[in-house]
Structures are given as C-alpha cells and as structure tokens.
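Just so it is clear, A, B, C, D, E and F label the chains in written order, and each chain counts residues from 1 on its own.
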Amino acid sequence: MERKVAIFRKEHFNAAHRLYVPGWTDEQNLEQFGKCSNPHYHGHNYELIVKVTGTPDPKTGYVINLSVLSSLIRAQVLDRFDHKNLNLDTKEFASLNPTAENIVLVIYDILRAQLDPSLDLSVRLYETDRNFVEYPA
Amino acid sequence: MERKVAIFRKEHFNAAHRLYVPGWTDEQNLEQFGKCSNPHYHGHNYELIVKVTGTPDPKTGYVINLSVLSSLIRAQVLDRFDHKNLNLDTKEFASLNPTAENIVLVIYDILRAQLDPSLDLSVRLYETDRNFVEYPA
Amino acid sequence: MERKVAIFRKEHFNAAHRLYVPGWTDEQNLEQFGKCSNPHYHGHNYELIVKVTGTPDPKTGYVINLSVLSSLIRAQVLDRFDHKNLNLDTKEFASLNPTAENIVLVIYDILRAQLDPSLDLSVRLYETDRNFVEYPA
Amino acid sequence: MERKVAIFRKEHFNAAHRLYVPGWTDEQNLEQFGKCSNPHYHGHNYELIVKVTGTPDPKTGYVINLSVLSSLIRAQVLDRFDHKNLNLDTKEFASLNPTAENIVLVIYDILRAQLDPSLDLSVRLYETDRNFVEYPA
Amino acid sequence: MERKVAIFRKEHFNAAHRLYVPGWTDEQNLEQFGKCSNPHYHGHNYELIVKVTGTPDPKTGYVINLSVLSSLIRAQVLDRFDHKNLNLDTKEFASLNPTAENIVLVIYDILRAQLDPSLDLSVRLYETDRNFVEYPA
Amino acid sequence: MERKVAIFRKEHFNAAHRLYVPGWTDEQNLEQFGKCSNPHYHGHNYELIVKVTGTPDPKTGYVINLSVLSSLIRAQVLDRFDHKNLNLDTKEFASLNPTAENIVLVIYDILRAQLDPSLDLSVRLYETDRNFVEYPA
C-alpha cells in the first residue's frame, strides 16, 4: 500500500530586519511599511514549520528521519539566519526586501535543493503568532 | 516567476450565542445541541485566522499589506460581531443557527466580497482550542 | 522531610455575561465597561487554573489525587457555570457584577470550603489569553 | 447551496512506545532510531486533531455533531491507546513499528471505518509540539 | 471584606537589540554573549505580562479598568520600544546593556511611576517562549 | 541598587513511567492511581521551567548566563531522564514513586546542588498542559 504521509518539524530563529524599497522616498516607505521601515531595524522570533510528504519506508515506518531533517534545517537555514540582521548579514536579502513572503520563498528554495525529489515540501513561517505565511499555498 | 504564497492574519472576538432550531421542541433542541441550547445564551472567545493567497508584488514583496487586511477584518467582521449576542444583535444570525460552521461561512462571504478577485481566501474559526472549522475545506 | 509542593489543575468553561452597575445610567455603564456592558450579553472561554499546596503523602507521592481534584472542580464549578449566563442563570452573580475579579473570588470561596484545611489554595482565571486574574494575589 | 466545511476536534492521549526493527541489531536500531530505541520505552503526550469535511445540515447547521464525533474518538482511539504501552498493550503495534507515521495511519483507518462515506477525513498527530504528522498529506 | 486580587494584561512588541559591554574586546563580548553580540543586531517578539494587585472596587468589581491599564502600557511602553532598535533608538538603553533583566527593570520603573501607590506591580517579559524574566522576583 | 530579578529557562524531555506502591495489591494501586498504574508503563512530554533569582551583574546585566543555565539543565536533568523509563532506567526512581510531585523534588535537589548559594531556585514541571507542579510552592 502506497500512502503518502506528511511529517512536520518546527524550528525557530531570531533575526533583525527592515522593510523598504531602495528607490522609494522615506515617506513612500513609511506609508507602505509603517513602523517596519524603521531605519535602525527591529526584530522577530521567527517560527518555522517544515512539512515533508512522502511514503513511509515499510521497514522503519519513517517518511524521513526527523533527526536528519532537523540537522538539515539547522545547517541550511538556522546557521544562515539565526541572530542575524537579514538586510546586512545575509546575501539572500542584500537586495531583496525581507518580507515574510520573500523569506518563506528563500527558505523553500534552500531546502528544496537539498531534499530527495520524491519528497514534497511546504514551508510555513510565523513572523508573529498573528502574522504568518506558507509556500506553496 | 509567478509563485503564489499564502499569508495569514489571526484576530479574535468575543460573543454570546445559543444553538436551537425554532420549529423544534425544547426536548429536541436539548437532545441535538445539549448545553449549547441554554435559553439564556453562553459565549466564546472566537479566534479567527484569515488566509489570503496570491502572488507577492515584485517591488514590495507583499501579497497584501497586513495592516490593510487587519483593518478590513476589523471593519467588516470584528466591529460587527465582537462583544455581541449573535442571535439577538446581528442580522446575519437572526434566523440562521450560529453554529461554528454557519459563522465561518458568513465571515467568508463578507470578506470574499471585499477582496480583489485575484486573491484566494480561506477562513478558519476556533470556537474553543479543541473545536474549530474551516472554509473552504 | 516536610516539603510543600504545589499542584495545578487546568479546567475550562464557557459562559455569557454582561458588566454593569444596576444603579447607573446606560451612559455611565458604557463609559466604565465599554462593549462589556452590551445589554444582550457576550461571552468567553474561561480557563481556570486551581493551585493546591501541601506535603506529598510519603507513600503515594501525591499532594492530592488529581482525579479527585478534577472531579471536585467539575462538581462545584463547571456544573455551576459552564454554558450558563452568569447574570441570569446563577445565584452567585444575580446581584454581583461578574468581572473576572469577582468570578475568581467566588470560585475561590466555593473550592476553599471543600478542601482540607491543611491544603493551601490559589485560583487563576483567564477571561482571554491576554486578560486574567489570580486570588490570593 | 452545497458548500463543504471542515470541522476539527482535538483530543489527546498519553502512551509509551519504543522504536525498533526486530530483525536489526541493537547497533542498527540505535543508529536509525537514536534514543527512541531505548529498550525500556519512553513516552509522549499525543495530541490528535481529527478533521471531518462535509456539507452542513441545512436545519441544524452541523457537519457532524461534535459530541458524537468526540464520543467516537474516545471509544475507538482513546480507550484503545490512552495510558498504554503501544508495543506491548495493543494488537495494532504488536508487529508494526509505532512511529508517528504508522500511528496516524492506524488511527485514520480506525476512524474511516466508522464515519459516513459522505464525509471526508484527515488526521493530524502531534508527538511533541515540534514533531507531528498528517494523513492524508 | 478587603481582599487583594491580581489582574494581568498581556501585550507585545517587536524590537532589535545587541548585547555587549562597551569596554570589552570583541572576543570578550563573543565569549559572554555568544550570537547575541552580533554587531548588526538581531531581534525578538517580546511578550509582556503586567500584573497589578489591589482591592476590587466594591461597586464596579474592578481592581483597575483593563482598558485604562492597556492604554497606559501602550503609551508608556509599546510606543517607546515597539519596532525600535533598543540600542540605537531609545535613551533607556543608550548606555545600558539591553538584556532581558535590564529591560524588565526599565519597564517596571516606567510603569511604577504611573500607577497609584495603593496598587502593587510585577512585570514578566518573554524574550522567547523558553527565556523569560520577572521583577520583582 | 540591589534588585533581585528572576530568570526562567524552559526545557523538555520525554519519559515513560508507572505509578504504584510496591506493597499494595493491584486493586489498591488501580484504585489510587487509575490508568497510571498500567504495568507496561505510559509516558509524557515533560515540560520543565527552571526559575533562578538573583541580582543582575552590573556590567553584563545577567543574573546568570542562560547558555550556562541551559547547559547545566541538559547535563544534569535531560541527559539523565530524557527518553528513559523513570522506574527502570534511573536510580532516583528505582524505589520512589515517579509522581509529578516526586519528580519535581528530585530535579530541584539535583539543580540546587549545582547552583551558587546566592541564587534562589524554583522548579515547575508540566506532566501535561493541564497537570503541573511547582517546588518550592
């Protein structure tokens, strides 16, 4: 029987960021991004939920070993973004506005490149417990 | 690249309600709705999660500005239902049983009418942290 | 060794209420209680945390058997207030304003009368996850 | 109008388990399952979310009466697994490795057999708040 | 009857910060503060719980009107720190290391000066859901 | 100014246990401990909150470095109890009933012996999110 099961792993990281469009005036940025455009940055405790879908191995009963998945997230995502200033300290957001939408797309692409193609991937990112995003939708 | 991302906003409101079918006897209502048919109403802290799916704007990185979405939910849903008796104080539930299923459908219809047609919408409503509903399913 | 340990049990109930002072005008009540004075009631999912402190029995290792404590809370508090309109359906709040402060004092007195005098008692009540009270302070 | 709504009920149970493949050496089991292969078992507070999707009854406004669904979960799942050793006390895992993936498939099959075929079913199982699974994915 | 009840209000703010002692070398700061000394700042979703203890007013049943307390916290704490870089944008932490311990003391002092002396005050601050502080202890 | 601040660190571990008094009959144990006396064990995700109170260092602003405290909890508590059968795999509960009360006392004694005497200690242990204990009370 080939039944696909989703397995989820939750991790978190803390980072600073600032939202703004370089070509815009301060007034335009303030109007669009409000307090999030503060030039000296603010920050979040980002919660990340990685969903991997596949067929459990008939012998082990695992879709993927969660300690393997957790290590992959740590090496590829947390070590890159945790306790960083996303605008200043990361090449991914050097010229890309670090909105939650853009962060979740970047994390998806990083993890997608590392996972076996037989596994489906989805990523959810909480910027706060009231604001969060998911890709694919 | 046209990639659809979902963005979620969580809000809450408090309301009183009573579940019953007008044409039924008290015994029938009690059998079907239990304590929820108490004639003097009871209440809940409703948690609402609104999910909007679309393509992030290439310049701002936003699917929708969350302060715009939050204001829309406030004006259209919270101002209408917060600290209200759903059966007595709202036209939506004057003759519609305010089950979680019916409330989520009503909120979906209210928000759907206000959102750009290019955006997809889904609504989840928590009546308690153990009982909740979602539309579309 | 006589060491006192606290043990906590969390329960919940749903109820409707209205805040108002009978001798006041509608304007005075609205000014003091805001939307909480809505004449048709609103409601909450109340979360209740009961803390009992005492010396663990040397044989069983129990301060109090939690199934006994849980049954006591159910019989004395939940059966009395769950799915009720506090103002209309309960004698305790027939002439006492059902603020969180007054509710926690009433629940404390009910439970205190049932517990062995050798045990200390404290009660916390969440009206929402952002508004809560505790007695004794 | 025939609109399908999902309704969710959260329940929980506590159980002990051990992960291992009978034909493997202790070293192989330790390499694959880490501390989860401890021969004397460890345990979890499992949180279970059952999602049932269907068309609300036009009279009652219910997809399914949640007290009926809750009783079904209690009788079929909680009474079977709560406070049990999954490997030793249940026939379902006597020869099936009790990974989260396998547990969620077993619970799905148990509940699917009891539900009206017009209703869709999905089950999510939290082993911890950071590790969870869902079927169908 | 003069019985003191505690009432709690939870609020939150997002901010960036960096931990370091000005007179220390980078190596000393890194050894003491780890990733928290990153020169480009990182950030948090700070959760704040303000506890006010007093005797409920016999007429209203309120220790303090929570909408008054919430407005006070907003005006005195959130408007000052929300979406700010604590090191660069606030005078309170211009020369004081913004550890959780120091932040909670600063917030306590700000609120203490605004509250009626008959009311007791305690402040809890969550830097993450696993790291938090309280004053008075 | 010498002001004492409390700092909290939350950790967790998973374990199996069984509650029973050796000298009692199965019927006596079942009557006192219910399903918790199941001879084949059941288990929990234990959440542990360690509270340390002291005066922040005037230079660093730390009561205690949380990475030091976290390492201490890991070395002394998690490595000892995580993924273990408390009754069979630990000397602490070889002849002591592993109730939540007894576990919290054991953890307190272990940590108290490791902490500087100038620091106060309190430990809270969640067996489930509805059942928890604290020492000192």
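In this section, a contact is a pair of C-beta atoms (placed from the backbone, for glycine too) under 8 Å apart; a residue touches a chain by one contact, two chains touch by 3 or more.
Keep in mind the model is a prediction, meaning the values are calculated, not measured.
S.K.: If you check the contacts of subunit D and subunit F, which chains show up for both?
M.R.: Chains in contact with subunit D as well as subunit F: not a single one.
S.K.: Which chain's mean C-alpha position is the greatest distance from subunit D's?
M.R.: Farthest from subunit D by mean C-alpha position: E.
S.K.: Have a look at where subunit A meets subunit B and say same if over half of the interface residue numbers show up on both copies, different if under half do.
M.R.: Mostly different residues.
S.K.: Suppose each chain is reduced to the average of its Cα coordinates; what separation in Å results between subunit C and subunit D?
M.R.: 33
S.K.: Using mean C-alpha positions as chain centres, tell me how far subunit C is from subunit E in Å, no decimals.
M.R.: Chain centres of subunit C and subunit E, defined by C-alpha means, are spaced 28 Å apart.
S.K.: Identify all positions of subunit F at which a residue touches two or more other chains, and write them in rising order.
M.R.: 129
S.K.: For this entry, which pairs of chains touch?
M.R.: Pairs of chains that touch one another: A-B, A-D, A-E, B-C, B-D, C-E, C-F, D-F, E-F.
S.K.: Sort out for me which residues of subunit E touch subunit C in the complex.
M.R.: Residue list for subunit E touching subunit C: 3-11, 53, 56, 59-63, 65-67, 120.
S.K.: Which residues of subunit C touch subunit B once you look at their complex with the stated criterion?
M.R.: Contacts found on subunit C: 12, 14-17, 35-36, 38, 40-45, 82-85, 88-89, 128-129.
S.K.: What part of subunit F is in contact with subunit C in the complex they form?
M.R.: Residue positions touching the partner: 19, 21, 32-34, 96-102, 104-105, 129-137.
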